[in-house]
Amino acid sequence: MQTLDDWALTAGVFLPVAGVILMLFVPREREAVHKMVALVTSLATMAVGVFIATRFDYDDGNLQFVVDRSWIPVINSRYLVGIDGISLPLLLLSMFITVLVIVYSWDHFPSPVNPKAFLMLILVLEVGMNGTFVAQDLILFFVFFELVLLPMYFMIGVWGGENRQYASIKFFLFTLFGSALMILGFLALYFLGGETFSIPRLIESASGAISHDTQLWIFAGLFMGFAIKVPMFPFHTWLPDAHTEAPTQGSVILAAILLKLGTYGFVRIAIPVLPDAAVTFAPWIGLLAVIGIIYGALCCLAQTDMKRLIAFSSVAHMGFVMLAIATLTELGINAAVFGMVAHGLITGMLFFVAGSIKDRLHTLQISRLGGLLVTAPRMMWIFGFCSMASLGLPGLAGFWGEFPAILAAYSPAVELSTPLFRGYMVVAALGTVLAAGYLLWLYQRAAFGAPRDEELATHMTDMGRTEYLAWAPILLLILVLGVFPSLLFGVTNDAARAVVAAIPG
Amino acid sequence: MVLQNAFFGMLAALAVVSALRVVTTRNVVHAALYLVMVLASVAALFVLLAAEFVAAVQILVYVGAIVVLFLFGVMLTRAQIGADLDLDNGQRGLAALVALVLGGTLTWALIDAFGDDKLPELSDADVAARGVRPVGDAIFSTYLVPFEVVSILLLAALIGAIVLARRD
Amino acid sequence: MLVNQFLLLGAALFCIGVYGVLARRNGVLVLMSIELILNSVNINLIALAGLHGNTAAVTGQVFALFVITVAAAEVGVGLAIVLLIYRNRRSVSLDDIDLMKG
Amino acid sequence: MLDHIWVIPLVTFVSFWLIIAVGKRLPRGGSEIGVAALGLALVLSTVAAVQWVDQEKVPSHEPAATADAGHGAEAEAGHGAEAESEAGHGAEAEAGAEAGHGAEAEAHPAIRESVEHNYQWWSSSSFTVMVGTHVDGVTVALLFVVSLISFLVHIFSTNYMEGDKRFTHYFAFLSLFTTGMYVLVVSSTTLQMLFGWELMGLCSFALIGHWWEEKANTDAALKAFLTTRTGDVGLLVGITILFWIAGTFNIAEINEKALAGDLPQTALLVAAIALFAAVIGKSAQFPLHTWLPDAMAGPTPVSALIHAATMVVAGVYLVIRLYGVFWEAFDIGAGGVNLIAATGGFTILMAAALAFVQRDIKKVLAYSTISQLGYMVMALGVGAWTAALFHLFTHAFFKALLFLGSGSVSHAVHSFDMKKDMGGLRSHMPVTFWTFIIGSLALAGFFPFAGFWSKDEILLGAGSNGYEFFLVVGLVGAFMTTMYMTRCVYLTFFGEYRGHGHPHESPAPITVPLVVLSVFSVLVGLINSPWLFGGEWFGHTVENEVFELAGVPVHEFSPAYALVSTAVVVVAFAIGYVLWFRQKLPSGVTERSSIARAGYALLANKYYLDVLYTDIIVGNLKRGVAAGAYWFNRVVLDGIVNGVGTTARVVGDGVYRFVDRGLIDGAVNGSGITADASGGALRRLQTGRVQQYGIMLFLSAALLALGLVIFTS
Amino acid sequence: MTAFSTPHLDYLAIAPELGLTAALVAVLLVDLIWEDRARRWIPTLTGFGMLAALVPVLVMARDGADRVLFGGAFVVDDFALVNKALFLLAAYVVVLLSTDYVADADVYEGEYYLMLLSSVLGMLVMASARDLISIFVALELLSIPAYLLAGWRKRDLRGNEASLKYYLLGVFSAGVMLYGMSLVFGLVGSTKLVEIGEALRDPAGPSPLIVIGVTFTLVGFLFKISAVPFHSWAPDTYEGAPTPITAFLSVASKAAGFVAILTLVFVAFPGRSEVWTPMFWLLAVLTMTVGNLIALRQTNVVRLLAYSSVAQAGFMLVPLAVARDLPQAQDAIQAVVTYLLVYAVMNLGAFAVVMVVAAKTGSAERSSFGGLFERSPGLTVAMTAFLFSLAGIPPLGGWYVKFLVFRSLIDAGTVAAVVLGVIVAVNSVIALYYYASVAREMWMRPAPDGDLSPVRATPSLAAAVILCAGVTLLVGVLPNLLGHLGEVATFALG
């Protein structure tokens, strides 16, 4: 078992590579083979994830499944992987979403149809995503963090909508800029924090070794890298474009996993390694977060395109996650991780539905929709369900992303200004109203009434088999997590405590 | 000493004036001939500095080979043998400015560095120790690698120049 | 004799050479100006070598010899290129050569 | 049953899924499942109620089982059946148990010990969040009334909604809605209440928008959801604050601590105000009441269930449940005036006035509901806790009756417009007519109908607890209520029939619930009469720990109040009779008097609040602020560097191409343009002339050397 | 007057150079004797010559001993070995690139490889040269054949122009360099770099003449690496020269320039860092910024790669801008050498793909790359890998060297270094834009003229592409492979 444990994470990360290599040698014309290979690979990866989940010790807040091998001795960087309660849910989410995206792809290949390339990109993406969640070495983290850029760039750029080239390069440049500053921060940590890239060791040594002023600079670098990825206001402008133009699968992965890399970076690296700087930055992060909540919601109200609206809603939702993180409390971190998973599932689902509508109608102009509940009742029921989840209806997963964030904001870490955060709390709570507003308004315009464009309505059909297959697990999970939040809180709790261990209160 | 200085003054003046004519004359062939004057003056200066072998090589290689090469070049490119108004381009002013900036900088730095430093007086032994033989020894021991490299360089330049220049 | 007599002469030749290579339009004349620059280097080498004793003086001479040799090769190659261009364009004016820019 | 009260919400929840899953394939479209489930729930609720009544009362001053002396016992009792609590509850219980509270001087009757079960939901190292059930008199009363009315509404709907294309969905949502209400009622924690609360909001949204083909209906649904959700911000904030100051979500504990004075007063006040905002939203109090009349767009049974009997009273229920918090925060015991009473009182009059100008029978009832909710809120504000609950209880019956009656009418005339399509229906629909009359009498508060008893208690409480002003308000409200109901009854059932076709009495599934409800409307008030069942039976049954701990004053039935209120009602009826039945309405009063005209306009336009909300606030959000924010997004944020780029455009010849390709917005674009333009400018250095390159080379070398010389010296 | 003493020769130490000379002679003779019949064997012979010369390099690398010849004028240390291997392998790839290109073009074939071999020989010598004369001569040996090769397509006016510009500016800069060397030599009295290094360790500030000497000496090599403002030849020459030669210039020749700069800076001028650190700082900023900005505007991929190579030189200069004296400077050397290695691989790969495409479409304009993904997915993926590797995106090799650059900056930790770091970050973003523009053309734009026939590489080009792509990816995932070489590339001092 020990051997299996040692290899589990590595397998969970790199198994998709095997699929990619296999597909490389299969001629492009044999689409069925490609689909099977991709599905089997992703399922196998998921199986590894399940194995990890069963072997995981949920009462241990430390890293588990740790593997520490030499990687780049020249720069003292090691292949150091491991997971704790924060990584595990996100890792599983990533594996899970990948499987579903591949299932969904079965008969939803975007034009130009090229299953081989498309599926290979998805698998490569999975490597990057899974890797980011298990990496415990800054350089390893960085490599995985960046690994997702290329596949996503091509996914948007090749298979995206009309404005895809612009959107893809914008996404790419934005994130690259952030990560360039981030790597500067990593290096500063290395040199000032004890000549190591190991995150656990830096957590022990860095904050003691680095002066507060320097910490601030380093944190600023990391902040840029992560905040752009989240994305936080005002670094969000790439997101609506990327989401709007990306193919459905791209949007789903982007929303469900990629945005989480940024918030995960805060939780995994920025805060535990630089707790003092985090305390200084937290009010500002909180401010940007609540601005994001309101701003994203307001922008949603102004949208005319369904996907773009959902994209802006991501800005708002990630604002809740960031607000939770900014409280620097255990509850906040728990809430943030829950928020990440919930947002991943819910917004991913919303994008799935939006994609399926676009697939049939070739437009998502809200003004041209309407009456979809007549033409595709099941799909719109699901959309309504997800809207409700997204606006934070208790009993569904979204609630546990929002409410604990609000709860945490009332009582932030002791070194933070309580009145300030209580102000944030109220603003965030107001954001929930706006969320209800734009989502229901969208639902009203898209689903209710009579079809506004009769010709368009004839193209609308209800759900197909792969849609059922791909969506049902997500819907179920949204409900289950909403009713049994301890499924997730129980996992994250110990690790969350470790994240803010160095922060008083 | 005075004699040396007088010689130096004469040669230097000759070199500078000829050099100026090289870059200003309107006749290509004249320019080549002025170049000969410069090279010869410099060779003479080498003698003043007790580097007779270098002086000899200077005459042989430069005057004997290079200038002849230039003259061939002038002929082969059918340059006007007489005065040619079109020898300069439009950026003489700028070129002069660059030269002056460079000259000013160098002059200032040289004076700053060496001021009134004198060249050492050489004994006969010194002269002998700087003669052909030690030079030869040096070339074939310490500088053997550069020497061999230069030989290949000449071979390559020769072949390459022929390839490019030949009419085919 | 002062060191600077020679060095300043070298600097002067250098600058004149620089002026020549920049202001002359005719390719052959540019090559000639290059020789002025190389000569100034040789003057420097020989003159300065004398300051540091006999070994250094020998080294200086050797250096100068290499410079002369390489200069010969360079001129040969340069003339070959100029000839090549002349053959293709019937001109040795450097001003005309600007097919590629930007 | 009391220990397993969770079965009740489970029944309807399962029913919801069953209807969704197989409803369409059943002969009655799933309605049979709903009816059966509600029947079962009604039985279970009744069993629970009976069990509760059978419970032994615990004398309030009996020494507690624990060693705590004196008042500690009350705290223990207030905490409920802590011995039965599950893991993790211990810590909270200890904290709660320490709180003692000085009992009011006057002796309280004994109360029954509430039954509470808590289970760990999720935990963090610093705290544990519990989930559980709490059963006391309030709970069983609510359970009973909810179950009964929901059951009747189900039956009513089987006929009323017959042939509807979303018949199955309708019943599914009814089940889900009932689940939500049950969850709210049985929850032991604030957090759980939030679940039920929002679940009802969702179902209300779905049911108001049931006929979503019409935009007006969906607008109403949206409005209802968003308005209540605006109030819910307060609920979120309030729950949060209470959680942090009391350290728990447990309602009983929060009440104990609040009443023990353990909580910081300011925070408590803020929390109470925040919670009250939620109450205002959900229970349609001024100024967030506007959604309720619009919500009449939903099917009439829905209005009866959700917008009369159950969901709208959730706010009132919240105050009843967390009365300790409100009592302490607003110092209700002190008399005078407070936010709750003022809001309730104002709402009574405002809504009653509006009810006069409606043509739509359901709108009349809607405003009436608002007005009656105002009574309940005011009752809570004046310290008449039992009265509020009792009014909630009775109102549920007669208002549901009235709504269903109006449904029956509309079933016959296919309209809700009293002035255009009704009149003279009394002969066509006798059952409906008589039941409606009973409901109206109950609402107006004629002796001995249900409304009389509960309203009388409210007035008594206001008068006795130092809130004399609100006594007057209550009387005026009663006066107005009687008048507008007189108008409503006249317009609907008397005079000439103005509609089309021949209206007929509705079938049994519709009339039977009407009859049942009218029986309740007549009788249910008696259970709290001073002369029956040992006197104020209802009050003694529902009184719980909060009531006791807070020391809510109890007052003897006062014939004086009863007489005054009866007189007011009779006078009002008399005036109304003259005005409408005898057509003595000063015709043309609005033409002749500008004040009257303005008043009418104000009322007809619902005080212009909707204009304020819809056009000004929402409209501006959509068009103004949101568009502004979006504009800010695109123009300012995206444009910062864009501006730089714009100026730089002249520099590069290729920039236009760049712009044409659509790269306009975005900070990145702007810098892209700048970069591109500078690239274009720099390209010009690359002239292609070798000697210019030479100049660059030599000059750079010279300047570099010179610069470094200067730099290093 | 001492008698002439025959210098002791360690033949193993000069075996790479000897091997290459032998190959050179062999090519000459084969071409001379068999003329046309041997034509197709000459590239093979040249390639084998390169690989054969690699053998002694590897032998010495295993041995590990530093070999000092000619009183320190010629040193074979790890630094030299790593770089010799780099030159030989890069040259080998260039031979692969050249094989079909030269055979198809109407040019002198045997002489072409002769020139190539001579130039590489000059580079090998450069790697070991530790005195001014050797460096000078090596520079000329690697340059002069390159000048000629640039104009090898004699009838092509652009080729002529490329050759002339390269030649003239090369000679100009050589003049400046020689002047600088004469000053350095004149002030110190020795041409041996080690001795110069000791003599220049003057605690007092440098005299202006030393500054000028150091600066001018370095100018010759800044020209070679095409640092702005000495870069102006590069785009024109790259565009006009035969594409394999462009690849050669942008990789091997640039590497040779860097090798010389590293040698001079860390052996001859380590004590004068106050002169060269600000210089390199300024030049690094200028080079990457100007290179990147102009590259944004290029539509010809070769020219784009030319400016990209200018910009890349800027990145490579960065570690020097913050380097300190040895032995701390080892990080800077490591960064630059590793960068050179990785850069060589990815840039050669990119040029190989350009050659394949240009051979098919007859143009290296960006538009002729349109729709390449449909026409030749493998080639497209490889080119994408090269481009994004150049941009520094993990997991492609380029990220590691960019990382090393950042690392050297943060290690220095000064304000100037951090400012430079931010500039580098911004430049990485700009660079990504134009690299991505080529990728975009290949993946997202239609093929020109709707021609969808597949693009196929000749065997030698395919070999080059596969080799480079494999290494690019491998190094990205396991950077230690080349990182280790960079780490061990130390100078033998003393």
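First chain written, first letter: the chains are A, B, C, D and E, and each begins at residue 1.
FYI, contacts are C-beta pairs under 8 Å (C-beta built on N, C-alpha and C of every residue); 3 or more make two chains touch, one makes a residue touch a chain.
Note that this is a predicted model, so its numbers are computed, not measured.
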Minimal path length between subunit A and subunit E through chains that touch? 1
Which chains sit in contact with both members of the pair subunit A and subunit B? D, E
By mean C-alpha coordinates, which chain is most distant from subunit B? D
Which chain wins if you rank chains by how close their C-alpha centre is to the centre of all protein C-alpha atoms? A
Out of C-E and B-C, which chain pair has the most contact pairs? B-C
Separation of mean Cα positions, subunit D and subunit A [Å, integer]: 35
Based only on mean CA positions, could you tell me how far subunit A sits from subunit C in angstrom? 65
When the centre of a chain is set as the mean of its C-alpha atoms, what distance in Å lies between subunit D and subunit E? 75
When the C-alpha atoms of subunit C and subunit D are each averaged to a single point, how far apart are the two points in Å? 95
Please set out, as single numbers or ranges, the residues of subunit C touching at least two other chains. 14, 17-18, 21-23, 27, 30, 47, 51, 59-60, 62, 66, 70, 73-74, 77, 80-82, 84, 94-95, 97-102
For subunit A, residue numbers touching 2 or more other chains are 173
If a residue has to touch 2 or more other chains to count, which residues of subunit D qualify? 672, 683, 686, 688, 690-692, 694-695, 698, 701, 705, 709
Chain pairs satisfying touch are A-D, A-E, B-C, B-D, B-E, C-D, C-E, D-E
Spell out the residues on subunit C that touch subunit D in their complex, using ranges where they run on. 18, 21-23, 30, 94-95, 97-102
Show me the residue ranges of subunit C that touch subunit E in the complex, using the header's touch definition. 10, 14, 17, 21, 27, 30, 34, 37-38, 40-41, 44-45, 47-49, 51-53, 56, 59-60, 62-63, 66-67, 70, 73-74, 77-78, 80-82, 84-85, 88-89, 94, 97-102
Per the touch rule above, subunit D residues touching subunit A in the complex are 120-126, 191, 194-195, 197-199, 202, 205, 209, 212-215, 218-219, 221-222, 225-226, 229-230, 232-233, 236-237, 240-241, 243-244, 621-622, 625-627, 629-630, 633, 637-638, 661-663, 665-669, 672
Can you list the subunit B residues touching subunit C in their complex? 1, 4-5, 8, 12, 15-16, 19-20, 22-23, 28, 31-32, 35, 38-39, 42, 45-46, 48-51, 53-54, 57-58, 61-62, 65-66, 69-70, 72-74, 76-79, 84, 86-92, 94-96, 98-100, 102-103, 106-107, 110-111, 114-120, 122, 126, 129-130, 134-135, 138-139, 143, 146, 150, 153-154, 157-158, 160-162, 164-165, 167
Subunit E residues touching subunit C in their complex are 132-133, 136-137, 140, 144, 147-148, 151, 154-155, 157-158, 160-165, 167-168, 171-172, 174-175, 178-179, 181-183, 185-191, 235-236, 239-240, 297
